[in-house]
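Order as written gives the chain letters A, B, C and D; numbering starts at 1 within each chain.
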């Protein structure tokens, strides 16, 4: 790595899951647009062919945009090759296939548990965690061996579990997890400022918010623009949208189109309940709340204006992205270079000492939320600075929210312990600790757990040794 | 107070709620049977006539049993008179009348919330707490003024809230709360020892158990008799009873008879879930668990073999006790002096330095359960010794249970804050934090709260100032 | 207050101690140089005449520099007048006169305790704290009454005690304490970077450091410039300076000139001991260390190259400043507008939402140093943002330092408690808890305490009621 | 092990350090006197011959006292043989020889550090800890392998370090450390009760005291006999003894006779300072206090009426004990069976479920002292019950004492870490953290450390690998 004129070249990024047809492309574009920041990206993927495709696609950017920052891409066959000499490690993997995701999301429906996403908590999130933890254990061990001083950035879900696993395996790791869910809520605050406060044009990073909670169940307890308190504006904004008859779009006959739409009705209801702002997508938030509030039936889900993500949607989406990959390789399509809004590249630059930034991350609790256990992974703001990511004290969780969040933290700590010890019996205890599973009898909980394990056992081999 | 020969005379006990036709009589008998322990009892009650009745009844014991320990009883008209010079203060009051209790228990049924008792948590427990807190605030202030060095023993529910209120009002108070629910579970362990282990005749206080949790949701995480681990025996015992078809008794057509019967099926189910022993009556335990487990309908309640306590039962029971009071006064009936099994008198003697004892009490957390907040009231063992009640370290709550208990602790802390500040809006937030209330929509929760407050507003006057 | 074009006008600052002939002038110049930031300053001082002088001096700046930011100054007679409508409150007062300071610093010398400053800890710091606490209690109460939403910035010593007092008196106060001692250490790191690393011209705020500890005994545990670790450079720098014979300057016969000189020899010795950087002036640091290290005699003080501050120096210095005040009023002298290096104005702008900043402040521990007690005032970095100053997590104090810092924290907590309760006996307990006082027998400690109290009793009247 | 009639036979005790000519004999006598408690003792010692001697001596008791409880003794050659099937493990070893102890105690004298004992903290205690930790690591590993369910009782110093090491090595160990120093202080309270209160004949275990702190720097913060508060009596008692001219005995020309005498003058001075009772021998207490209070010179030591323990005394004492051993083996001398006052056997019986007891022990902090770190070893009361030793909550350390104790806890935690990692550099950091070492310059501290390590390197081999 060489420093010069406010910039750095010779940076090496290892991308684990480098065959991705989503995040990887986003990163490629952001890197091309990053000023005074150049280097190489090693693409590692268990699907080596996919990594090779991305090597071609990535290197095409350099050719197509000679004026952009210059990054070279190379598919590699081993973690060792990827990690050696890396300055940063990006992890964005899919733990299992759509078959396993299908089981995660849909098996619980038999027992009346409807999960809009199923990748974080709830039965789906827990089973997904079980297959993810051994993968992150391997990654953690490899980082310790090959690049212990590199900074690791995770984008994989379940975020909390992945982050905790890396710190359990390699406590000295420099690592944080990123999620853009909070950003969307900040944008809602910008809309409130515009529509209620009459101040248009404010960007999300001009909003100063205190972020607290856990990933996908994150909260904003204070939000200011200059000296304007945004919570009263948000209240009016929410009331206005509801008064205007905010509701789910007309059913156009194609449920697939509903998959990712949300209408913030969950967010608005939670605001009424707690007086602070839930800062994640409605589809995630609903999974942390009592089932009776938003997901007691598909009809109630519809009523709250968000969709469940059917696996068929994901399959169709993948087909489209595979086609796009082919088009990019063959040059039928070219990237349009625009900022993604993701912060990964800004964070890397801040860590290299090129300018501080404050944003929200997932990282073990070291005091930032005093009434949650030390060590558990939480999401708050942090200061990114030279070789340093330090959380900002968010204060105690509001007492009114504590009862919703503390059990989730305990549940996820149990899941990680169960995963690291490959202990299915302990995993079942974690499963039973989930509020949605707690709507079932012990017998049904056991049957559901067993079926979900059976469905995904291809990825749970180590638990049966 | 005079010490002599291993004993003490001249003890003064203030009994707040001294018109009681239950606990007061129990105490009278226990005092009569307490060796080397004599003095006087000041009976204070807002129903002065009831206190006067008990004065007569109490003094009759002295006459009827001249060989028993000699205690004199006197009804007094003011807290000041009762407390001045008191060595001990017993608090056992009914916060409100059966009308209010009726609202506590039955109003939530409209919304599908079935509470077997309704005096601890859940909508009933919270509303009851709201009317209780100002009363305990008054008691705490009076103790500080008139007898700051006296030891206060509370028997009133909600136990946790009452105890916390006294410590909030007068932090230096010497006070603990007693509940006999754990004893019954220890007796079950004696039965296990007899029926499975083949060791009959063991008494409950020979069982050595680690008690932890909060009142009415208390747990035994270790239990030994000599070097025999009682948990495996309890497992066999539970399985045997279920194998033998343990179930609710035949319906004899009179639901009232079912009110206090329990068949331990909740306890056994919780043992299957958590591997540690729930140590309270099933009727209380069920109120802390997800509604879907045991109380989703009257039918499910019946299936688990416990009853809901209808207010009619309480009314009938009161009639009987009033009659008994008259009979005692008129000498138509006499007490039979037998040990109640309650420990209040033993505790007093230990506090006077007449012999240590270890038993479970409710007291603020000062480290005995490190993963619950300091200050919150918890139930664990404590050592009773000369002028001292010190909790025994129970260790962290099991991680698997944490998610059920931590929210309850937060909820009850909120209730106390709401009560002390007479803040109905905060009280509603506490209400919404209750797991059973969380089965409702925000609108229904509000409607239920408002109705319950309206029903009991006679006792909530200060909240409307 | 009006926002416009990245700036704010109509700001009201209340300056308590506004007759100051040091800090007040610094602030005046910084305000004049602050872009897009204008308003008025209310000067309150128990010496009203001094405040009036500063009113004249301050308003002259506006006349003399019409192109500078425009601030008007006004002496006021009451705290109420000063605080009403204030957006910011600056507190910089002298608790007592030089007579009391003389006793603080010099009385302990009779017992072999040499205090270079005597305003923070040690016998002098504690007695000073006792007279300061009632003053800050009054200020805290006034802020709550007249401007509860204003931000309060304290510059008065003992910083920790003043800050803690304000938060004890008014827990919801928005307040932090500022001290520039860390800045000088950052400049030393710049020198290391220049002289050892060969990188000249780096400014102190380009150094990224993790600050931790308590005021005047603050530590830098990590320091980076870009990806350069500054600790090894600092080690070489220290060794080089010592190798070159760093020592106190030749005695020019005038001890007064030595008063504020330091040669960093204390800092270098502490670095050898702990491997992390002590980040305050040597004169302050020495007061927190075992007496035998640096202050066992005036000779040892000289050997370590720092001076004790004699009160005569302060008297002479005051004379000079009084003369300067007259000259400024009469126009014989004019301010030269240059940046002071103080950050107060930048902090105010950040708090108004005009741009975030990260710097070190004194504020109650809310998790930023998990192994110190919550609530105790500590010094770490904090993020300044719109209406928000939130500490950055500094992590646990290094275990090796813990034993030096934890007792100081306990001592200062005791001092505050003693001050707020006006309890001289408790104050003596705090006094005895001081490591320097602990070099004395109980009898000598008592005699010293009594003498120091007697000497300063004019300011301790409330302790004798 | 067989239970019968309130008793147990077939108990196996492993005695590590079983060649001891002190503690081992004490245990033998206590076992012979223990009713309804019989079994065998395996004697393991690195000096196998000494263990064989004790085998003979122990078995003679059985022959000589056929009516006593019957215990058989057997010297064994390996830890494995000793520990296999053990129910209890007693550890009482001498880490090194008198040569090493001589260096521990006397080398620091060159630098003006006078240690009365030198086995706990201070330079001597730390160096002793370094050679002890690897031994206890071996013991901990062996317990895990051969008798993980046995209860381990340690009597070896440094007690805190030994206990912590066992729990670090084998966290699930059932283990506590016993020390009789508190007992002597309880006896002083009995004397106060007699001489001041006029109540003779009270036994130490009738005094109810709250014990807190760390081993050898233990404190009694509350003490009661019945409802009599003993602190005022103790104050009068201390004043009376000083008024009567309590002072060290006339020098009879033989310093050796002074070695273990104490006159409580340290204890009385500490009571004046803190208002709570220091509960260990003066010789130990002095090592935790600022050097200037009691040990700044041999003269000051004499003035406070306690002695330094010269190694010559220990050598002479050993000679006497070796002779006694020979006499016992040859039958020239016989034991007199009398209660030692030690509680080891009572504790074992309580653990077997034969009756609860409350006494003070050393055990990791699990909440019993909330303002000390969890995990650090502290000394408080504990309840001994069936298969259970649970600490009693002692509450926060008094704030006035905190500054003396917290650094010691940090120092000993560092020592254990240094020992377990065999890290001499970290050990030096711990050494520098000691208050007595902190009276030295860095250079002197280093020189002393190096010399003490050199002197004892025969036992520090693993630190040089």
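The rule is simple: a contact is a pair of C-beta atoms (placed from the backbone, for glycine too) under 8 Å apart; a residue touches a chain by one contact, two chains touch by 3 or more.
What you see is a predicted model, and the numbers here were worked out from it, not measured in a lab.
Asks: Supply the minimal count of touching-chain steps required to go from subunit B to subunit C.
Replies: 2
Asks: Touching subunit A and subunit D alike: which chains?
Replies: The shared contacts of subunit A and subunit D, listed by label, come to B, C.
Asks: Hey, which pair has more contacts between C-betas, A-B or A-C?
Replies: A-C
Asks: Measuring centre to centre, with centres taken as mean CA positions, what chain is farthest from subunit B?
Replies: Chain C.
Asks: As a quick test, compute the distance in whole Å between the mean CA positions of subunit A and subunit C.
Replies: It comes to 43 Å between the two C-alpha centres.
Asks: Counting only Cα atoms for the centres, state how far subunit A is from subunit B in Å.
Replies: For subunit A versus subunit B, the centre distance works out to 46 Å.
Asks: In subunit C, what residues contact two or more other chains?
Replies: In subunit C, nothing touches at least two other chains.
Asks: What are the touching chain pairs in this one?
Replies: Pairs flagged as touching, ordered by label: A-B, A-C, B-D, C-D.
Asks: Could you pull out which subunit B residues touch subunit D in their complex?
Replies: 1, 3, 208, 210, 222, 224-227, 229, 352-354, 356, 358, 366-370, 374, 381, 383, 385-388, 390-395
Asks: Which positions of subunit C touch subunit D when the two form their complex?
Replies: Listed in rising order, the residues of subunit C that touch subunit D are 269, 272-274, 290, 292-293, 371, 373, 399-400, 402-404, 406-408, 410-411, 413-414, 417, 429-430, 432-433, 435, 438-442.
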